[in-house]
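Please find the structures below.
Next come two complexes, and both contain chain A; in the first it sits with chain B, in the second with chain C.
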Partner chain A sequence: MTVYDRLADLLARSFGLQRDEIEPDYTFAELELDSLALVELTLAAQDEFSVALSEDDLGAESTIAQAAKVIEAKVVEATAAA
Partner chain B sequence: MNRAAVVSGLGTWLPPGVVTNDDLARELDTDDAWIRSRTGIGRRHIADPGTATSDLAVEAGRRALKSASVESVDAVILATTTPDQLCPATAPQVADRLGLGPVAAFDLSAVCTGFLYALGTAAGLIAARTAERVLVIGADTYSRILDPADRSTRAIFGDGAGAVVLRAGGAEEPGALGPLDLASDGGGAELIGIASGGSRSPFRADTLDRADPYFRMEGPTVFRQAVERMAHSTRTVVQRSGWQLPDVDVLVAHQANLRILHAVADQLHLERDRCAVHLDRVGNTAAASIPLALADAASSGLLRPGHRVVLTAFGGGLTWGACALRWPDVTAL
Partner chain C sequence: MTSARTPSVRTPSVRTRFDAAITGIGLVTAAGGSTAATWERLLAAEGTLCGPVPDLAPIPADLGCAVTGFDPVAAVGRRKAWRLDRSSQLALAAAAEALADAGLDPAGWQGARVGVVLGSGIGGAGTWERQHRVLLDQGPEKVSSLLIPMLAINMSAGYIAMEYGAQGPNFVTSTACASGTTAVGAARELLRSGACDVVITGGTEACLVPSIISGFSQMGALSRRRDEPARSSRPFDVDRDGFVPAEGAAVLVLERADDARARGARVHAHVSGYGASADAHNATAPDPDGRGAELAVRAALLDAGIAPDAVDHVNAHGTSTPLNDVAEARLIRRVLGARPAVTSVKGVLGHALGAAGAIEAAVTALSLEHQVIPPTANLDSPDPQIDVDLVRKAPRTGRVDVALSNSFGFGGQNAALVLTRA
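Here is the complex of A and B:
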């Protein structure tokens, strides 16, 4: 499963969204995630992908595809370092 | 036998006045759904004008002494951010009104982590044989320091008090305080606090027009820290206890916000229903929240004698911490 799919599943699971409501080019703001929800998502994504994420990595205006790319780069980096 | 501080009584007090979310919605731009979805809070108790933190502390202290079936202690520690006045401390008056005689009595300031810091301090007094029995009270009257126009803090905070009696006993007894983790980061001091009224910005006639006497909190900024610090402290005390995380029967975390409680549980991979949740009925009662949540969890049956319980808190300072113990057979009053 791709990082995008896992992130989309996590979003659906954590915030009661339908999986098919989520599209790669939606921003988190368009999914009506407020600032607290973005913090919750950041914490949950750190746990899901076992990488450290900052507040800026999952910003309100980034799209889900962009966020997945950021996470993917960190996962690759962490795997290379291990 | 290794000497330890053992929980032998638990008492709580909430002022009778209740403010619901609908009551707040009548004077602020907010509503029940907004408050519940962001905080999980439905109502809070607010002290009547003329009621001070000492009044709440005395009531909770009296009940804790009765719960422990004792009439005397060697020390009183009052954790509070809202003392009756800046000077002197409130604890000596509480001790006096409880008829405890000329015992050691002092306030402890660690904001929402105050109760845990006070437990640690009391355990130290007992370990050093300075005291055989200590009354530890967490009491706060945040309604006095909130900006009437600030919907975010007014929705969150409520008034209340809770207290435990700690006695000298053995480390293997139920109720013995186990490993305690206490920590701080003063680099985040500006995130939670009251700017004016202290030595940096005293209330004086010539500075009053610039003073901000109200409690302020950067809620979204502290959310993540609160979750990560409480989860880390919990892991620390669980590990030092020789337990595994799934062994934790009940997590009694500072009742800041339901979403924080759930996020802490998720970080620890604990089922969310192992979290004591009391804030829906009382809000965030600052230093009082842990003893109040303990009493509520004990009365609902979530928390039973023998359970492995972790107490954890995060608050202004910044401060945070955790403590592990096996719950004793005490009746909360």
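Here is the complex of A and C:
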């Protein structure tokens, strides 16, 4: 499963969205996730992907696909370091 | 010649009676997610709607009247459900029913004239407990950013405002087990003063969580009749051994009686008087003769301009604790005489703490509307110390024009409402 799919599943599972309303080029703002929701998403994504994320990594104006790329890069970095 | 010392002339404050019309009712209780479900189970009064709450083991008093089958997503929508504490979810569900019942369309109202006043005793206890565990186990950086908006006791009223664009005065009253009654009284004042044209009022509570229930259990306040849960809450019965904690929410829509009449609204009943007082006696034990509570009852009657001997019915605080029920019965007998028919809905619904007064105000309104008083469940052998006309075994039908709804909170905080037939 790709990072994008796992991120979309996480949004559907814990943030009141339906899987079919999540598209790669939607921004978090377009999905009506406000600043506190993004803090929560950052915490949940850290657990889901076992990487450290800052609040800037999942910004309101970043798309789901962009966020997935940021996470993916961190996952690769963490794997290489291990 | 004028005296330097002006004699004090005490003019009794005379004001015309102010009726706030209850035009909408919403209830979410252990009996179900609607007013109709709650009323039906109250009239049947088959027993306490409770059982051991799994999360509460191994507390010796682990009984609770939980709202079972409540679906937060269905009640408040999936976009909101995940970020609201249960106490706010229950309040929003009750508000939705109450506004539909009132026939008011929030899209068409002038939001600045609509207030929200809820009562709550504890706040988002479940959230607090879960996040405190996160803090201890994983550290502060893992604590939810939603902790404060989920925990804070004022948030249920805030979320109702957001949902319906109610931009008038918005607050939560917290007077322990009297909170819901205090809220309804304060809501009526907002109508009387002219600050609001509509007030969404009531109460909410969801604290069947280990820390809170352990605290009540350690006080010896709770029933330990866990072998017979259906018989555990037994107000005024000689074998009562404490209250059974409950969760729930009630919302009432109040409007000035004239306004309600003008728009042709169906009115369940009027809130015609409100009184409040403090025992100034003890943190948790009531004044044994209910002398502090008497002040609230008398103030409510005075506010309504109704004589004590005109009260037909008392929807009692009736918690099923040894101390409350005797003190309250003495107060009723002393102030109102032998006439009123007395009941407590806590035999069926348990004690929903900060929501209880609002639930009971709603039920009292239904008694005035339908001219039926639900019986007190489990009242098999009335305590011989109690000398009032208790409604038991079956609903009582008969003329009910004036009713009193009492609530007495820890801290000695007392509140009473006089409701009248519309």
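In the analysis below, the second predicted complex is superposed on the first by the 82 of 82 C-alpha atoms of A that agree within 3 Å, B and C clash if a C-alpha of one lies under 4 Å from a C-alpha of the other, contacts with A are read in each partner's own complex, and residues count from 1 in each chain.
Rule of thumb we're sticking to: contacts are C-beta pairs under 8 Å (C-beta built on N, C-alpha and C of every residue); 3 or more make two chains touch, one makes a residue touch a chain.
Quick caveat: nothing in here was measured; it's all calculated off a predicted structure.
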{"item": "Touching partner for A:36 - first (chain B), second (chain C), both, neither", "value": "both"}
{"item": "Partner chain in contact with A:18 - chain B first, chain C second, else both or neither", "value": "second"}
{"item": "Doubly contacted chain A residues - partners chain C and chain B", "value": "36, 39-40, 43"}
{"item": "Residues of chain A defined as touching chain C within the complex", "value": "14-18, 32, 36-37, 39-40, 43"}
{"item": "In the complex, chain B residues that touch chain A", "value": "38, 219-220, 223-224, 227-228, 259, 263, 266-267"}
{"item": "Complex interface listing, chain A residues touching chain B", "value": "35-36, 39-40, 42-44, 47, 55"}
{"item": "Chain A partner contacts - residues on chain C that touch it in the complex", "value": "73, 77-83, 142, 144-146, 149"}
